[in-house]
Amino acid sequence: MSKGSVVLAYSGGLDTSCILVWLKEQGYDVIAYLANIGQNEDFDAARKKAEKLGAEKVFIEDLRSEFVEEFIWPSVQANAVYEDRYLLGTSIARPCIARRQVQIAQQEGAQFVSHGATGKGNDQIRFELTCYALYPEVQIIAPWRIPEFYNRFRGRKDLMEYAEKHGIPVPVTPKAPWSMDANLMHISYESGVLENPKNHAPSDLYQMTKNPEDSPNEPDVLEIDFIKGVPVKVTHVKEGKSKDTPLEIFSYLNEIGGKHGVGRIDIVENRFIGMKSRGIYETPGGTILLHAHLDIETFTMDREVRKIKQSLGIKFSELIYNGFGPLEADYRATAIKAAWEREGHVPQRWFWYSPECEFVRHCVDKSQENVEGRVQLSVFKGQVYILGRESPKSLYNEELVSMDVQGDYDPCDASGFIKINAVRLREHNRLQGAAPKKL
Amino acid sequence: MSKGSVVLAYSGGLDTSCILVWLKEQGYDVIAYLANIGQNEDFDAARKKAEKLGAEKVFIEDLRSEFVEEFIWPSVQANAVYEDRYLLGTSIARPCIARRQVQIAQQEGAQFVSHGATGKGNDQIRFELTCYALYPEVQIIAPWRIPEFYNRFRGRKDLMEYAEKHGIPVPVTPKAPWSMDANLMHISYESGVLENPKNHAPSDLYQMTKNPEDSPNEPDVLEIDFIKGVPVKVTHVKEGKSKDTPLEIFSYLNEIGGKHGVGRIDIVENRFIGMKSRGIYETPGGTILLHAHLDIETFTMDREVRKIKQSLGIKFSELIYNGFGPLEADYRATAIKAAWEREGHVPQRWFWYSPECEFVRHCVDKSQENVEGRVQLSVFKGQVYILGRESPKSLYNEELVSMDVQGDYDPCDASGFIKINAVRLREHNRLQGAAPKKL
Amino acid sequence: MSKGSVVLAYSGGLDTSCILVWLKEQGYDVIAYLANIGQNEDFDAARKKAEKLGAEKVFIEDLRSEFVEEFIWPSVQANAVYEDRYLLGTSIARPCIARRQVQIAQQEGAQFVSHGATGKGNDQIRFELTCYALYPEVQIIAPWRIPEFYNRFRGRKDLMEYAEKHGIPVPVTPKAPWSMDANLMHISYESGVLENPKNHAPSDLYQMTKNPEDSPNEPDVLEIDFIKGVPVKVTHVKEGKSKDTPLEIFSYLNEIGGKHGVGRIDIVENRFIGMKSRGIYETPGGTILLHAHLDIETFTMDREVRKIKQSLGIKFSELIYNGFGPLEADYRATAIKAAWEREGHVPQRWFWYSPECEFVRHCVDKSQENVEGRVQLSVFKGQVYILGRESPKSLYNEELVSMDVQGDYDPCDASGFIKINAVRLREHNRLQGAAPKKL
Amino acid sequence: MSKGSVVLAYSGGLDTSCILVWLKEQGYDVIAYLANIGQNEDFDAARKKAEKLGAEKVFIEDLRSEFVEEFIWPSVQANAVYEDRYLLGTSIARPCIARRQVQIAQQEGAQFVSHGATGKGNDQIRFELTCYALYPEVQIIAPWRIPEFYNRFRGRKDLMEYAEKHGIPVPVTPKAPWSMDANLMHISYESGVLENPKNHAPSDLYQMTKNPEDSPNEPDVLEIDFIKGVPVKVTHVKEGKSKDTPLEIFSYLNEIGGKHGVGRIDIVENRFIGMKSRGIYETPGGTILLHAHLDIETFTMDREVRKIKQSLGIKFSELIYNGFGPLEADYRATAIKAAWEREGHVPQRWFWYSPECEFVRHCVDKSQENVEGRVQLSVFKGQVYILGRESPKSLYNEELVSMDVQGDYDPCDASGFIKINAVRLREHNRLQGAAPKKL
C-alpha cells in the first residue's frame, strides 16, 4: 500500500539516485523531475536511469527560457548582488526549479515533494519556501534532515555501497574534492578542500570560464541594447553578429565572458542559516550584464530615484539569497495560465509568492521605465571595460555639464547653494565652540 | 590699501596663476598654498612661479601621510564607493586640502580663501563646506562664480592673453583635450572630448595605470594584513618584500596596481549640483584595497552587523561625495593640537566638522573592531583575484559549515526554521486564495 | 512699457497687498491668484481688494477637493510624518497652490510668478521647486529675498506706512504676536513670541481645535472604512450619520477632531534650509486618519512589506517637507488634461514632477492594494483610541494565533526556528570567548 | 537518579506551578526563579508556594533597577517603538529576566533552563535567544512545545485537575477571559476575548492606568531633565516634588501617567513567528518619556544625524521585538563583574550578546552625546502635551531663525539654493518633454 506520490527533484547523480530508491523503500511512488536550467547534463541518460530505478514517471523540463526571462532579467534590473559580491546564480535558480516541481505535484496529485539539498545549506530553504508558498498543504521530504537517512548515509562510501546493492549505476570517475552546482547563469564550487578558507582554488576547478592567463590577447567589443533595464540585443561590433532573444542573448554573453575568463570570484558569505561559508563562483554573462546595466542605469535614472532603488536592490538580493523570491508575478500568471489551460485545468492559487519580494520587484520594475539605451564595452582578460553609452532617454545634458559653454546654468547660484548647505555645519560649529571639547 | 589677505589654493597651472594675479589686481594680498597630496608636480618650480607672480608667502605642504591615514583609511573601512562604482579619489582629497588651507588662513590672519574650482562642479562645494565648517567667518572668493571674472575669461585663449600680458609663464605643450586631477589615490579625467558620453577614452589618456593589454603576463601575488579594518602590512609573496607604514603601503599598492592596469573605470555619475557628468578614473591601489577589505570584512563580521554597516557605508560615500566629510575626529584633534602648539597658539574650534559624517564615521569605525586578518590576492591584467584568507577573529567555523562532519548543528532544526519562515507566506497565499485575482 | 505679467500668490493680507502694489511700481502687470484650500477667508472681499489695488485679473480658485484627493490622501497612505511628529499640513499645501499658479501663468502667458514667502523658511522652496519643475522657463520674483524690497520693509511698521501711502486697506485689529498659516488640513503657528522655544503656547492661540480641558466629557465613536489605504466613508456610530466623498469625509473628521481637541503639537523641527525652528500645529482630522490608517494597514499588510513601506513613508515625508513632492501623477494628468481641453489648449509638459517623489509615491500606492477594511475608534479629550477593526483582506488569522486551538501550526517548529536563529549568536559568543575582553 | 538541575522561570501562577511539578515528575531537580521586574506580586507567598511544591532552591531577584537602567533607558534613547506604536514593554523585559536566569544556572551548575512561554508567541524566542547567546551549551525545556506536555494539558481544565491532584494551590478567583503580562514598564493584554480583533477592550481590563473619562480634570505639569538622552530628574512644577534616581524617576512617571490614563493602545502587531496578533497595552511612564525624549532630541540633534539615528532606532526596535537584544554592554560588564566577584567567581563569557544589537546600541548611544536639556510637559486625560524646552546644547538659534532680525543669514543665498535644487527637476522635465507621455 503506497504512502502516496512524491515528486523528487532528481539530478541524475549518486545522491538523488539513492534518494529515489530510498523513497521507494519507504513506500512512496516516486515521480522523478529533472529541470534543465542550462547545466551540462545528458538528460536522456538521466531519464533512462530514473526509469530504471523505478520512477513511476519522469519529467525532464526545459526551463532555460523562463529562467532567463523571469529570474535573471529581474536580477539584472535590480543589480542584484549579495553582500557586495555574489551574483546569486544558485539562489535565483532554486525558485525556478521548485515552482515547476510544485506544478507537477499538483498536476499529478502528489502530496509530497522531495529534494537532495543538505541540512546546512541555503538551498533547502529556497526550495521549501517556494513549495510552501505555492502549495501550502504540501509535505516535504528532505532526507538529509531525517535522522534515519543521514545516520545511514554518513559519507559517500555508504551511498556507494547502497547504490551497488540496489543496482544504482555508480560514477566511474572519482569525485572532485569539492561539490559544484551548475546552471545557465553560473557554476558554484564549495565544500571539500575549499572548506579551508585559506586554500586557493585548484587551477582545474573552473569549467565555465577560461583562465585569464590563457584567454585571448585581444578584447571583444560588444554593444548591448537595453529597454526597461533589460537587455534586448547584443552585438559583436567587429563581427557584426547579434542576438536578440533572451536565451540567446544570455548564452552569447556567457560564451564571450567565458572565453575571456570573466566573472570569477572567491568569497566567504553569510548563509541564512547563520553560518559563514566559502564559495567560489564563475558568472561570465551575468558579470558583463551587471557592468552594462549599472552604466545605462546611472546614465538614465535620476540621482535620487537611484538612491532609493539602490537600497531596494540590496533588499531584493537578500530576499533572493534567503529564499523569499523572486517571481515575476504578471509574467508568471500568463505563462502558468497558458500551461494549465493546455492541461485543461483551472489553477486555484498560482499568482503570488513572498509578498515582500513581489513588492520590491514591482518597485524595482517601476524604476526601470526609462533605463533604455546602448552600452559599448570591451571584454578582456577577466575584466569588463565600459567604453561609452548613448540613450534617447538620458538625463545627461552635455551642454549643461560642459566646461566650455554655460548652458542653462548660472554659476552664481552655486554660492547660495553652498552657503545654505553650510548653515547646519556652522551651527554645529557654533555649539561646539560654546562647549569646547577638552584636548 | 589692501582689501586683506587671501589664501589661494594654488596648483602652479595657468588658471590659478591667472587667479593669483587677478586677486592682486583686485587689491588682495595673496598667500599661495600648494598641497602635495601625491600628484606629479615640480613643487620647487611652483613655489618660484608663485613668488615671481607676487605671492606674499608661499606654503608648500606635504599632506600625503595624513591623506592616507585620515582620509583613505576611513574610506577603506567604509568600502566607500559612490553610485556603485566611483572610489571617491577626488572627493576625499578636497577636505584634506581645504583643512590645511583654513589652518594657514587662521594662522596668517587671512579673512579670505580662494580656489580655482569651476562653478559647475563638486569640488567648489567640498572646498567651501570644509572652510565654512572649520572657519565659519571665512569669506570665500571663487572667481569662476564671479561674473567679472568668468565673463572676462571665457576660454583658454583669454587666459593665455592675460598671462602673456602679466608675465605669467605660459605652458608650452598644448593642453590635452580633457582636464585631469591627480593625487595619491587616483587620477580623474573629464570634460573636453570626454563630454560626449559615447566617445571612448583616448588610448593615451591614462597616466597612473598600464594598459592591461601591455601589462605583464604574470600576476603578482600579495598578502595584505588588516587590523581594525585598516591595512597594516603588505607583502609581495614571491619577492618577500613588505611595507608597513600607511604611506608606503598605499604607494606600493599603487605601484603594483598600476603595473597591472588595475582600477580603470569609465562612468557617468550624478553631481551634487544636480547634473550628470562623465568621468574616467584610475585608482590602482584603492581598487586592490577595496577587494581585500571586502573579503576580510565579510570573513570576520557578523552578517547582521554587516547589513547595517553596508548602508552606513553607502551613506558615508554620499557624504564624502557631496562634501560633508570626512575628518577623523580624534586623530585630527591630536594632530592639529600638535601643529598649533608648535605655533604657540590655542585653537578655538578645530575639533568638529559635519556632524553626520562624524557620526557615521564613528559607527563605521566601531564595526571594524574585529576586522582583522590576512588576505592573499593576485593582481593581473586589470583584475584583482582573492585567493584565500585567514583571521584570528573570524566567525567562520569550518567544522560547523562542513559537509563532512556535523559539528554543533542538528539538521532537524532547519525544518522548524523553514516552516516558521513559511507561516507568513502561507497566510499571504491563504488571503490571495480567498480573494483570487482575475486571470 | 510693462516688464511683463506676473502671477502673484495673493493672500488678501497686508504683506501680499504691499507686494502687489510694489510689483506694479516695478513695472509688472499683476495677476492676483488666491487659492481656496480651506482657510477661513472672505474670498469676495479679497477679490475686490486685489482689483482695487490694480490687479489686471484676479483668480480665486477652489482647490479644496484636489487638495484632499491628490495631496492629503497620498499622505494618509504613506503615514506621512516628518521627524516623528509633524503631519505636514503646510508642506503638502504648497505644491497644490503652486501648481495652479503655474497653470494660470502658462494660460495667461505670464513669464513671472511671485509669492510672499520669507527668505528663511521652507515655503519659498516648496513653491519654487514646484514652479521650476512644471514650468522650467518661469522667472520667480521673491521680494523677501530682494535687497531693495527687504531693506525697504524692515518691519511691519514700514509695511503699514507704505500701505497708507498707497491706499492699501490696513488691518484694524492688532496683529497676533505670532504668524499663522491655515488650510483644510491644519493651522500652523510660529515666530513672534513662539520663537523662544521655552515659552508656552498662549491659551488663545488655537483656532481649529477646542482646548481639551473644555472639550466634551463624552467621546464620539466613529467608523472609518478604507479601500486601498484611503478613507472612503466615515460613520458616526451613535448618530448613524455618514460621509463618503473625500472633501466631506475630511471636513467631518476635522469637525469631530476639532470638537475634542485632537491633534495639537508643539515641536522644534529642522528646516530644509538648515536651521531649527519652533512650530505649533493643530491637525484634527489628519491625526484621526493617521491613527486609523496605521491600524488598518498593520492589520492587512504583510510584516516584511510593511518594513520596507515604512522607510519609503519616511522618505516620502522628507520629500514633501523639503518641497520635492507630491503630485498624484495619473490623477493629475487626467484632471489637467480636462482643464486644458476646456481651454482649447494642448499641454506640452504637465505630467511629471520630482522623479523621486513620483517613484516613492508609486511604491507606496502599490503597498496599499490590500489595505482595506473598517476601523472603529473613539475620539475624546485630545486623544484617538482604536477600539477594533475588521477587514475582508486581513492577514490576521484568529485560529492560527489562538492560545486555545492549535490551528495549522506545530509548536515544535519553533524550537528549530529559535535554534537556527541562535547559530550566529553562539558563533559570536565562541569568538568572544576565544578572545575575551579585558574587564 | 536525577536528570540534572533545571532553573525554571517561575511566576507563582497555575501554569508554572504545574510545570514545576511536572519537571520533577520527569526527573529534574527544580530551582525556581522569580524575577521582580515591578509586577504586582506577593513574592513571599510565591517563594513559599515554590518551596512547598518541591523546588530545591528558590531565587527571588529584584531586577527593577537594572531593568530601568539597562533596558528601559536605552529604549528611551532609541525612541524604540515597534511598528509605529508598540513601546516594547514585554520585549525588553525578557532578556533582563533571562539573563539572570542564565546567571543562576551557571552559578548553580544547572545544565537546563525552563520557562512557561507558549509555542506561538514571541517570548519563547526572546528567552531562549538570550539563553543561547549567554550560555551556548544550555539545554532548554519549553514544555508548551513538548507534545507529551501540551497534549496532556489541552486547556485550563487539565491544569486545574493536575493541580488538585498534586496539591498545587488553585486560584480561587475566576481567570479573566484574557491573559496579561505586567512589569514596571507596562501591562499587556491578549488572547481570550481579545482574539477577535473587532471586539472592544472590556472596560475593566486596564490595571495600570485610569480611564481618561474618570481621570482628573486638571493636568499635572512636569519638567524632565535629560543628559545623554536619558532622564536624570523629573520635577512636578506645582508641587515642587522631584525624583532623581532611575527607578524613582520611572516609577513616578508611571504614577502620574497612570493617574491621567496615559499610554493605552490597542493594536494588531506582527510576531516574529510570522503571524499577526492583537495586543492591548498600557505604558504610562514610557509614553511620557517617549514624547519628552523626542522633543529634547530634535531640539539638540543635527538634522542629518537624526535621520540616520531614526533608522537605527527602528532597527533597534525590531531587534528587541524579535529577541536579539538589548544589553548595555559596558554597564553590564561592570555590573556582572561586581556580581560575580561577590560570588568569588571569574566569568568566562559574560560580555556580549547579539552582535547587531550591541552595534546598533553603540551607535544610538553615540548619537545621544548632546541630547541634554529640560522639557516641560503637561499630562492630561490620556495625553502628553509638550509645553516648552531649553538646553545648553541646542542647535536652535533664535536669532538665526527669527522673522524679525536677519541674524547671520543672507536671504539671497536661498535663491541659489533653490535653483540648484531645481536643476535635476528641470532636467527630468526636459526629458519628459522630449518624450511626452500619451494622454
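A, B, C and D label the chains in the order they appear, each numbered from 1.
Heads up, the rule we're going with is that contacts are C-beta pairs under 8 Å (C-beta built on N, C-alpha and C of every residue); 3 or more make two chains touch, one makes a residue touch a chain.
These numbers were taken from a predicted model, which means no experiment stands behind them.
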| item | value |
| --- | --- |
| Co-neighbours of chain D and chain C - touch as defined | A, B |
| More contacts between chains, A-B or B-D | A-B |
| Magnitude of the superposing rotation for chain A and chain C (Cα, nearest 5°) | 180 |
| Chain B and chain D: spacing of chain centres that average the CA atoms, whole Å | 42 |
| Centre distance in Å when chain A and chain D are each reduced to the mean of their C-alpha atoms | 40 |
| Rounded Å distance between chain A and chain B, as computed from the means of their C-alpha atoms | 33 |
| Junction residues of chain C, two or more chains touched | 273-275, 302-304, 307, 311, 324, 354-355, 394-395, 397, 400, 409, 412, 414-415, 417, 419-424, 426-428, 430 |
| Chain D to chain A touching residues, read off their complex | 302-304, 370, 392-395, 397, 400, 408-410, 412-417, 419-421, 423-424, 426-428, 430-431, 435 |
| Interfacial residue positions of chain B with respect to chain A in the complex | 79, 83-85, 118-120, 124-125, 128-129, 132-134, 136, 142, 144-145, 147, 150, 155, 179, 191-192, 195-201, 212-213, 217-219, 264-271, 273-278, 294-295, 298-299, 303, 306-307, 310-311, 314, 318, 323-324, 333, 337, 348-349, 351-355, 376, 380-383, 385-390, 394-398, 400-404, 409, 411-412, 414-415, 417-419, 421-422, 424-426, 428-430, 432-433, 436-437, 439 |
| Touching residues on chain A, where the partner in the complex is chain C | 273-275, 302, 304-305, 307-309, 311-312, 315, 324, 354-356, 359-360, 362-363, 366-367, 420-424, 427 |
